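Each in structure tokens, the structures are laid out below.
Presented sequentially are two complexes of chain A, the first with chain B as partner and the second with chain C.
Right, the complex of A and B next:
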């Protein structure tokens, strides 16, 4: 049976550093490696959303037939007979440079620094620009993918291209479609989005969004942004008045 | 519809009817209205029409507004058919003379003829060295047909290949034919078209939908091959696509797109007209030529992002998404546009298809290098169009057989370097191509040789540079172009290119440090190896090739703080030497007013104010400005 005929998700075997491993046809190689317990660094990958291939950290060497090459594993599909090598000199060299580039892009991120340090990279030979000095965002796009694919709010997106690329709310003004659920804040690998709360208002800093909070009728604690309850309620045919109490008091 | 051609045999009947109604001796004035419009060729059109009307000749002599004839350096170009008399740099004032002497009396207007190096006038295209050494197959009809006339195309044998494909070939046989021909993708990668067709044909599609795409998002600076084909002979591209659709998608539901950058308004217009005509004639749409095969093509206008020339970004763009590439581990022939099997080829690739059917496998494989008999990667077959630009005498479009040498292209066809200066390098393959030095001038140009030399075929840009070009500055220019055009999706391309720019900028600014060259090489390697798409993977080519062939020039910048080509402003100084006669012209023209001196005495430049614009050098009549 050729690869083309193998149904997606069929159980197959492939090799990692010479060791036979089980995987599923066309699943993400990074996903498979992590499930199998191999350590591969990555910042832009999350099982819950589509792969994007932005951070270039999950590099591995793959070989099919005679051809061997470097690739990111997150967007590489597992197939039967695939040979994967994890920590080759080429992988180490390229990963080092990717870390150095990330350190110059997001020098203010402790997460990037910590991960780079784990792989022996402690500084960068590249220029840290004036705008980058306080930057933590690595433009991995996880926030937007979660917002679109999981939350369904489509509140944020990339703007610009090349070095002008940025992750923003539309026009970099308050994101009107943002329901304040905080999924982006949770998923962000460098914690650069920022969520603040007073008893009345939840603020998602990066999207300039202030949302009034619904208070529990029983305990009086704020439990979710009103707009979130309205939006999600609409999807399942419920009204705001149906959400009067918090989870704990229900 | 009145013009609908209902069967394969009717096409031949129609063609014969067209030919019978045409007088082969009828005089026709063919004016380039492609690139030459920039020289005012539309004014020539008006002038010819007015003059013919004034003389009552408008019914006797035709005027044909054609596509690009190729010799752009000498535009506006006018060819008088059927004699094929080639007039160059024609002005409105020349029109009465051309009518009076050439059209009425069959005489030559010598002043408008091209003169070769010995001063000998060249009456016909084939006499002109620029054309003599070319092999114009794809561009052959560009000066013969009106791109807005399907009848012109049919009269010249157009759509005969489609008729042949639909009536005499099976789709499988057509795929095999293209595979055996060794035709490789003209858009950049040089992937064998037949192999792609075969994979796309074999890829499963539940509802039978397969997309056939023509990539006409030609974005390389200085490249205009595809534009010339679309503006000059759009039906050739459409015919290739329709044949491809039949080969790849029949039986099934093939659907076509042409993705044209919107900066090519004339191409968009002419392809649009061609599509409309092809539909009216029954060559496109439902039941093509009465064979039951159906296929139609939509035009998608690109918004100007260079990266949208990358196939997956192009498909995302058609879908209405941001033009970002995706990894191609699952090939687009399996899952491309709207996740359907998709076959994308570029304009020139599609244009080759009807010619291969018309003239046969042996003709095509007889042109070019290598042997593709058992291996479609085994050589480079057919011709290739190059946009020859830069410091070369004859800029224009050049079509040569694969395997022509760089020297022949640049010196025999291109006429050598402007002003007799020394050749320094040629960049092939567009902004992400490499710069090749004079030691490689005798290299034959094909896909594999160019790759081995650290460059690439790309889509066929060819930028010639002379001794006054600084190769570090060239690398800097292209790195900035690509950093600007990167989609910014992946770190290595987005951040890597920006950092390469930072380092090269500082070298050009005289702040290069020991180790910079090694840093450039190291980072360049990673951008090439670890980027997501071909834009990033090839972006370091100009840098790596200039380091490979012109390392000394980098070292002079870094170590000696000198720019040998005297281009990098921070590394040069202007001074006035003792040839100065004190004529004061430099002092008068200096925009900074930083040149002083008495009349008839040696002048001096105040270095603290000099902006190194070079005006003093340009205006000096005594060679008295030294640049060091």
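Right, the complex of A and C next:
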């Protein structure tokens, strides 16, 4: 059977460092490697959303037939007979450069520094610009993908391009479409979005969004932003009044 | 941009989100730039996320999110023009019109911009005023070219 005929998701075998492994036709190679328990560094991949291939960290060497090459594994499809090598000199060399670039891009991120250190990279030869000095964001776009594809709020997106590329709320003002669910905060690999909460208000810091919290009618505990309840309620055809009690009291 | 005008542009493009780029171009043609209020109204009218409209508007250098004046003066700051005195020209215009490069005068008369090489290096320093190329520029010639605008 040729690969074109293999249905997506069919069980196949491929090799990792010479070991036979089971995978599913056309699944993400990085996803498969993780499930199989292999360690591959990565910052921009999440099973729940589309892949973007932004951080370039998940490099592996793949071989199909005689040709061997280096590729990012998150956006590489698994196929039968694929041979994967995880830690070749070429992978190490390229990964080192990627780490150095990331260290220059987000020098203020402890997460990037820690991961780089795990792979033996402790400094960068690249110049850190004055604006980048305090930056933690690696522009992986995971926050926006989650907000669009999972939450459906479409509150944030990349702006500009090239050296002006940025991840901001529109006009870098309060993101009016943000429902304050905190999904982006959770998923951000460098924890640079920030969520603050008082008994009255939840703030998503990077998007300048302040959202009043709904208090449970029974126990009085604030449990979710009112705007979030309204938006989600509208989607499923319920009114805010249907949501005035927290999960614990229901 | 008033509501009716915006709606007519949207209708002209069949209210199709696939035509968002063309819609933005039409707005820019009318207004010379993309005002924030117009983009917000556009997103609401077409039921599109503002984040998406903003992402597209900031992606292309041809769009301006800052007000643009009636006249456009672009000074080439490419290497060749740079060594032949383009920075001094920029300084000069900034002083004469009380505007910083990349911005527009308070009376919306003139926008001053810089670019990197327009491919006419032999003529440097080069200045483009409302689409017209002026080579071998100096402060005196610059004043003459910009005089009609100043006197408007």
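Just so it is clear, the second predicted complex is superposed on the first by the 250 of 250 C-alpha atoms of A that agree within 3 Å, B and C clash if a C-alpha of one lies under 4 Å from a C-alpha of the other, contacts with A are read in each partner's own complex, and residues count from 1 in each chain.
Keep in mind that, in the parts below, a residue touches a chain if its C-beta (ideal position, glycine included) is under 8 Å from a C-beta of that chain, and two chains touch if they have at least 3 such contacts.
Just so it is clear, the structure is predicted and the values come from calculations on it, not from any experiment.
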(Q) I'd like to know which partner A:160 touches here: chain B for first, chain C for second, both or neither. (A) both
Q) Taking the superposition as given, does A:188 touch the first partner, chain B, the second, chain C, both, or neither? A) neither
(Q) By the touch definition at the top of the document, which applies to A:21: first (chain B), second (chain C), both, or neither? (A) neither
Q: Examine A:125 and indicate which partner it touches, taking first as chain B and second as chain C; both and neither are also allowed.
A: first
**Q.** Which of chain B and chain C A:138 touches, first, second, both or neither
**A.** first
Q. Once the shared chain is lined up, is A:72 touching chain B (first), chain C (second), both, or neither of them?
A. first
Q.
Taking the superposition on A as described, I'd like to know which of chain B and chain C A:94 touches: first, second, both or neither.
A. first
Q.
Please report the chain A residues shared by its interface with chain B and its interface with chain C.
A. 157-158, 160-161, 164
**Q.** Residues of chain A that touch chain B when the two form their complex
**A.** 4, 26, 52-56, 59, 70-72, 75-77, 90, 93-94, 97-98, 101-102, 104-105, 125-127, 138-139, 157-158, 160-165
(Q) Which stretch or stretches of chain A touch chain C in the complex? (A) 144, 148, 154-161, 164, 169-171, 175-177
Q) Mind pulling up the chain C residues that touch chain A in the complex? A) 36, 49-55, 58-59
Q: Note which residues of chain B are touching chain A in the complex, please.
A: 202-204, 305, 307, 322, 326-327, 329-330, 334, 483-492, 494-499, 502, 519, 522-523, 526, 529-532
